[in-house]
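Each of the next two complexes has chain A plus one more chain, namely chain B in the first and chain C in the second.
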Partner chain A sequence: MELFVQLLANTLQIGAVYVLFALGLTLIFGVMKIVNFAHGGFFTAAALIVTSVVPFATVELGAPLWAGYLLAAIVAIVVVLCLGALVYGIGFQHVLKDLNGSFILSIGLLLILNGAYLAIYGGAPRTVPQVLPGTVSIFGAALTAQRLALVIVAAVVTGGLYLLIERTRLGLALRAVAMDQEAAMLQGMPFKRVALYGFLIGAALAACAGVLMAPINAVTPVSGDEFLIKAFIIIIIGGLGSVPGAIIGGLFIALIESVGGYFFDPSTATLATFILVIAFLLVRPQGILGNVE
Partner chain B sequence: MWNRLPGVWICVAFAIASVLFALLATNAYYTSLVVWVLTNAVLASALRFVLQIGELNIATAAFFGIGAYTTAITAVLLGWPFWLTLLLAPLVAGALSALFGWVTLRTKGPYFLLVSFAVTEVVRLVYTQTNAIGGNSGLVGMFPPMAIEAYYPALAVALLAATLFALYGVERSDLGRLFKAIENNDAIPRSVGLNVVFLKVLCVVIAGSAVGLAGGLHAYANNVIAPSDFTFFVAILALAYVKIGGEGHALGPVLGAALLTLVGQWVAGISAWENIFYGAVIVVTLLVFPGGLVGLAARARGLVTRSAR
Partner chain C sequence: MHMANWTRPLGAAAVMLLFAQAGAAQETLKLGISAPFSGAGATWGLGMEWAAEQAAERVNEEGGVTANGKTYMFDIVSYDNKYSATEGARSAQTMLNRDGIDFIVGTVGTAPLRAMQALTERKGVIVFNVAWGKSVKGPEFPYTFTQMNTPFEILVPFYTFIKEQHPDLETAVLISPNDATGQELEPMAIETWKNLGVEMLASDWYERGTTEFQPIATKIASLDPDLVDFSAAPPTDVGSILKELDVLGWEGVKVISAGSSVEALMAVAGEAAEGAYLGASADFSGESATEVQKELNAGAREALGEPLNGLTISPYDAIMALRAAIEEADSVDPTKVKDVLPSVRFESSYGPSGFGGEATYDYPQQMLLPVIVTRVENGETVELTRSNPAELEALIND
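Right after this comes the complex of A and B.
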C-alpha cells in the first residue's frame, strides 16, 4: 500500500510538469497546426531567468527567498511572453498551417535560442536554493514540500486553462479555430489574433513549467529539450491538439516512468514508453482523443 | 533522359572531378572533407526523396546510424570481409526501413514526423544500452583493407556520387512521378488502383538504403562511431541543407550540403556560435528566400530570359 501511494505520488509530481509542457504544445498545434520544436526554448528561458533573478533579488535587494522567487516567476513569465510575441511576429505568423515550413522554422529558432543560452549562461548546471524546505507525509508516502507545491500549482494552472477554454469567449474562439479555421473566419473571428493568443498561452504554460522546475532540478541550456521529446510522445498518445488528451497522456507516461523506473531502471522505462507509442500507433494512429483527418 | 539534360553531364563531370581529387590530393584533411560533403549530400538528398511523398522523415538519421553500425559490427566484432560489410549496410538499413515504413506510414503529416523522431531516439537508446556494441562509447577500429586504404576516399566519393545519381534517376522515372502524385493527393493514385501504402514504403526503403550505404562508408572513413553521432540532429542538419539548397530540384540538397559543410568548417568548435549560425541560416532562408539557392537561380534565370525577350 505504501509503495503504491509512493508510486502514485511520484507519478503526480513527474506528470504535473509533463502535463503543463504538453498542454502548451498541443494548444499551439490545435490552433496553428504547427509542431513547435522551439517549445523547450520557452521552458529553458523561464528556468534560466529564475536561476539568475533569485540570487539577484535575495543578495542585491535583500528580499526574503519566497519574495525573490515570486519576483523571478513574474519576470520569467513576462520575458517569455515577450519572447513568444517576438518569435510569432517575426516568424510563425508567416507559416501558419504550413507543417513542414513551421517545423523547419521552429528548429532554426531552437538552435538560435540554445546557442544564445549557451553563450550567455555557459553549459554548467545552475541551481536555485530550496524555496519550501521539508517533507510532507501523505498515507505513508514521503513527498518534499516543494514537489507537493509543484503538483498543486500545476493542477490549478491546468484547471484554469480548462475553464479558459471551456467557459470564455477567447476559449470558444480557440476551439472554433482549432476545429475549422475557415469556418471560424467566416463567422468573423480574427484568425491571426486568436492564433497569437493561443501561441502566447502555450508559451506561458511552458514558462510556468520552467519556473516550477527550476528549484527542483538543476537547469542547463538544454533542460527543455528532454521534456520536449517526452511531450511529443504525450501528445501523440493523447491525440494532437486535444487538451484532455495531453492531460491523460502526460499522467500515463509519468505512471509508466515511475513504475518502470522503480521496478527496472529509468532508461528501460524510457525505452518502454517509446515502444509502447509505436505499438499504440499500430492500433490507433490518431491517439486516444484525436480526430481522424 | 541524358541528352535532354545538359546539366546532368556537368554534374557527372563534377562527380568525376571529385573522385579524382579524392584520389590525387595528398592532404588527408581535404580528402576526408570531400567524403564528408558527399555523405551530407546523400543524407540531404534522401531526406528530400521522402519529402516527395510529402513526409518529413527524421528517421533518416536512424538509418544512417543503422548502416554505420551494421558495417562496424560485422567488420570489428565478426571480422567479415570488407566488401560484404559494406554491402550489408544498405541491405540491413533498407530492410529495417521497410519494417519502419510498414508500421509508421499508416500515419502522415505531424504524426509521421513525430513518430520518426521517436524512432530515431529509440534506436539511439538501444545503442547506448547494449554493451556488446560498446554502449555509450561506440565501436572503434573499422579500417579498409591495406590494399584499398590509399584509394578509400576516392572509392567512397565514387559510391556516394553514384547514390546521388541513382536517387535522381528514380526521381525522374515513372516511379518518381507516382511519388509526386501521392504528395499532391493520395486519393487519386488510390482511385486508379495503385497501392499507395506500398509505394510510400518503397520510397522510404529507397531513401533508407541510400543513407544506410552512406553510414557504412562513414564507418570506414571515420574509423570510430558512437551513438551520439546519430541523434535526430543529423536529420535536422540534413533538413537545413535541403532548405538552403532548395527543395525544388535534386541539385538543391547537394549544393546546400556542400555550402554549409564547407562554411561550417570554420564556425565548428565553438558550439554556441555554431548553433546560432545554423539556426540563423535556417530562419533567414525560410523567411526571406523560401526556394533556397535553386529557387534563387530559377528566379534569376526567369529574369534573364524575360529581359532578353
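Right after this comes the complex of A and C.
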C-alpha cells in the first residue's frame, strides 16, 4: 500500500510541472493555431533568472531566502512576459494560424534563446537552495516540503487558469477564438489582442513552471528542451488545444514515468511514452479530448 | 642593368625572406577540444578547456615545441559536443575540414568519440580522449589515445578498496546512463562486483537529460541494497538521485565510478552526497599531489570556482605527451607523431608517464596514471588511497 501511495506521490510531483508547461503550449495552440517550439525558452529564462536573483537578493541585499525567492519569482515572470510580448510583436503576430511559418519562426527563436542563455550564463548547471527544507510524510509516502509546495502551487495555478477560461470575459473570448476565429471576429472580438493575451498567459505558465522547478532541479540553458518534448507528447495525447486534455495527458505521462520507472527502468518508461504517442497518432490523432477538424 | 633596377626587387625579396623566416621560425599549431560545454557534463568541458589552456601557455612560455627546425606555439580551440554522437561528428567535421586541426587534445564520451573516429582515423588526426568505452581502442584505431584512467584501470582497485572498507557489503544496484559509455561499463561493473561477492539486485538505465529521478529512487529504496553504483552518470544526475534517495531514507554505500566533480555533486545533492566514493576524482591540493597539480588546482579554483579532477586535468597531460612525441618524431605530421606516441616518455602532471595497456586493448594507447580513490568528506574531496598500475611502476623504476 505504502508503495502505491509513493508512486502516486511521485506521479503528482512529476505531473505538476508537466501540466503547467503543457497548459501554456496547448493554450497557445488553441488560440493562435501555431506550434511554439520556443515555449521551453520561457521556462528556461524564468529558471535561470531565479538562479541569478536569489543569490543577489540573499547575499547582496541580505534578504531572507523566502523573500529572495519571492522577488526572483516576480522578476522572472515579469521578464518572461516582456520577452513574450517582444517575440509576439516581432514575430508570432505575423504567423497566426500559419503552422509552417510558426514552425520555422519558433525553431529559429529557440536557437537564438538557447545561444543567448549559453552566452550569458554559461553551460554549467546552476542551483538554488531549497526554500522549504525538510521532508514530509503523507500516508507513508515521503516527499520534500519543496516538492509538496510545487504540487500545491501548480494545482492552484491550474485551478486559476480553469476559472479564468470558464468564468471571465477574457476566458470566453479565448474559447470563442479557439473554437471559430472568424465567427468570434464577426461578434466584435479583437482576434490579435485575444491572441496576444493567450500567448502571454501561455508564457506566464511556462515561467511559473520554471520558477517552481529552479529550487528542485539543477538549471541549465537547455533545461526547457526536455520538458518541451514531454509537453508535445502530453498535448498530442490529451488533444491539441484542449486545456483539460493537457491536465489529463500530463498526469498520464507522469504516471507512466512513475510506475514504468519503478517496475522497469526510466529508459523503458521513456520508450513507452514514445510508443504511446505513435499509437495515439495512428488510432486517435485528435487525442483524448481533442476535436476532429 | 642599372643598380637601382635590381636593388628594389632584391630588397623586396630580402624583406619577404625575412618574413618567411620569421613565419617559419614560429608557427601556431591549433589543438582542438571537443567536450560538453552545456548540459549536465558542462563542468567537464569548462575544466578541460582551462587545463588545456594552462598547458599550452606553459609550453609557449618555455619556447614552444620544436620540430624539423621550426618552433610551434600551441593554440587551444574548443567545440561543444553536448555529449552526443551527432555533435561529436559535427565538431569533428568543423575541426578537421574548416579549421585544419591535426591534434585533438581532449574529447569526452564514447558515443561522440566513436562518431569522430570515422573521420579522424581516416584523415589521420590524433585524438586524445577520456572516453570510457573499450570499443574505441585497439590496433584499428592507431590515432586514438586515452589520457585518463578508464573502468579497465579503475574498477578492480576501486571496488576492491570499497569492499575492504565495507566487508559486510552483499547487495548492490547499478544505475547507468543509456548510452555507449554506460553500456560498455555495465557488464564489467557487474562482473567485478560479482567477483567481490556482491550480488547485483538490479541494473537499470536512464536517458541522459532526464530531469525526474523519483521513480528510480523509489525503486532503489524499496530494494534497499547495501550500495548503489552510479556507473558513468555525470555528477549532476548522481546528485539528483542521491537527493531523492535521502528523502526516501535510504542509507548505504554510494559509489560513483565516473565521479569527478565534488562541487557539482554537492551543489545538487548537498549533504546527501556525504560519504560517496569517487573513482575519477582527485584531491590536487592534498599531500599526494605534485607541485604542478597544486598550482593548476589553485588556478582552476580561482578561474572556474571549482578544483580540477582526474577528467578535467587530463588535457594538460595530453599536451605534455604531444609535445614529447612531436620532439621525438621531429615532426608535426600526425602519422609520424602517432608512431612514436606508444613509446614516448613524458612528464605528466602526476609525474613520469607513458602509454601502455596493450594486454587489455591489443595496442599501447592508454596513458599510464595512478588510480586514485577519493571520498566526499564534509563537502570536500579527500584522497583515501592511490596505486600505480604495474606498467607505470615498471616505467618509473626503469
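Quick notes on this one:
The rule is simple: the second predicted complex is superposed on the first by the 293 of 293 C-alpha atoms of A that agree within 3 Å, B and C clash if a C-alpha of one lies under 4 Å from a C-alpha of the other, contacts with A are read in each partner's own complex, and residues count from 1 in each chain.
Definition applied: a contact is a pair of C-beta atoms (placed from the backbone, for glycine too) under 8 Å apart; a residue touches a chain by one contact, two chains touch by 3 or more.
Quick caveat: nothing in here was measured; it's all calculated off a predicted structure.
By the touch criterion stated above, A:L99 is placed in contact with chain B alone, chain C being left untouched. By the touch criterion defined above, A:I236 lies against chain B but remains apart from chain C after alignment on the C-alpha atoms of chain A.
Residue contacts after overlaying the shared chain place A:A124 against chain C, while chain B stays out of touching range. Touch criterion met: A:G108 reaches chain B, while chain C stays clear of it.
By the document's definition of touching, neither partner reaches A:I74: not chain B, not chain C.
Of the two partner chains placed by the overlay, neither chain B nor chain C lies in contact with A:I138. In the superposition on chain A, A:C82 makes contact with neither chain B nor chain C.
Touch criterion met: A:P266 reaches chain C, while chain B stays clear of it.
In the superposed model, A:G91 makes contact with chain B only, not with chain C. Taken together, the two complexes place residues 118, 267-268, 270 of chain A in contact with chain B and also with chain C. Across the complex, chain A meets chain B through its residues 29, 35, 90-91, 94-95, 99-101, 103-105, 107-116, 118-119, 229, 232-233, 235-236, 240, 267-268, 270-271, 274-275, 277-278, 281-282, 285-286, 293.
Residues 51, 56, 103-104, 106-107, 109-111, 113-115, 117-119, 121-122, 125-126, 128-129, 236, 239-240, 243, 271-283, 286-287, 290 of chain B are the ones that touch chain A when the two sit in their complex.
Residue ranges of chain A in contact with chain C, taken from their complex: 3, 6-7, 10, 13-14, 118, 122-125, 127, 135, 142-144, 213, 217-218, 220-223, 225-227, 257-262, 265-270.
Residues 36-40, 42-43, 45-46, 80, 178, 204-207, 209-216, 218-219, 222, 236, 239-240, 247-249, 264, 267-268 of chain C are the ones touching chain A in the complex.
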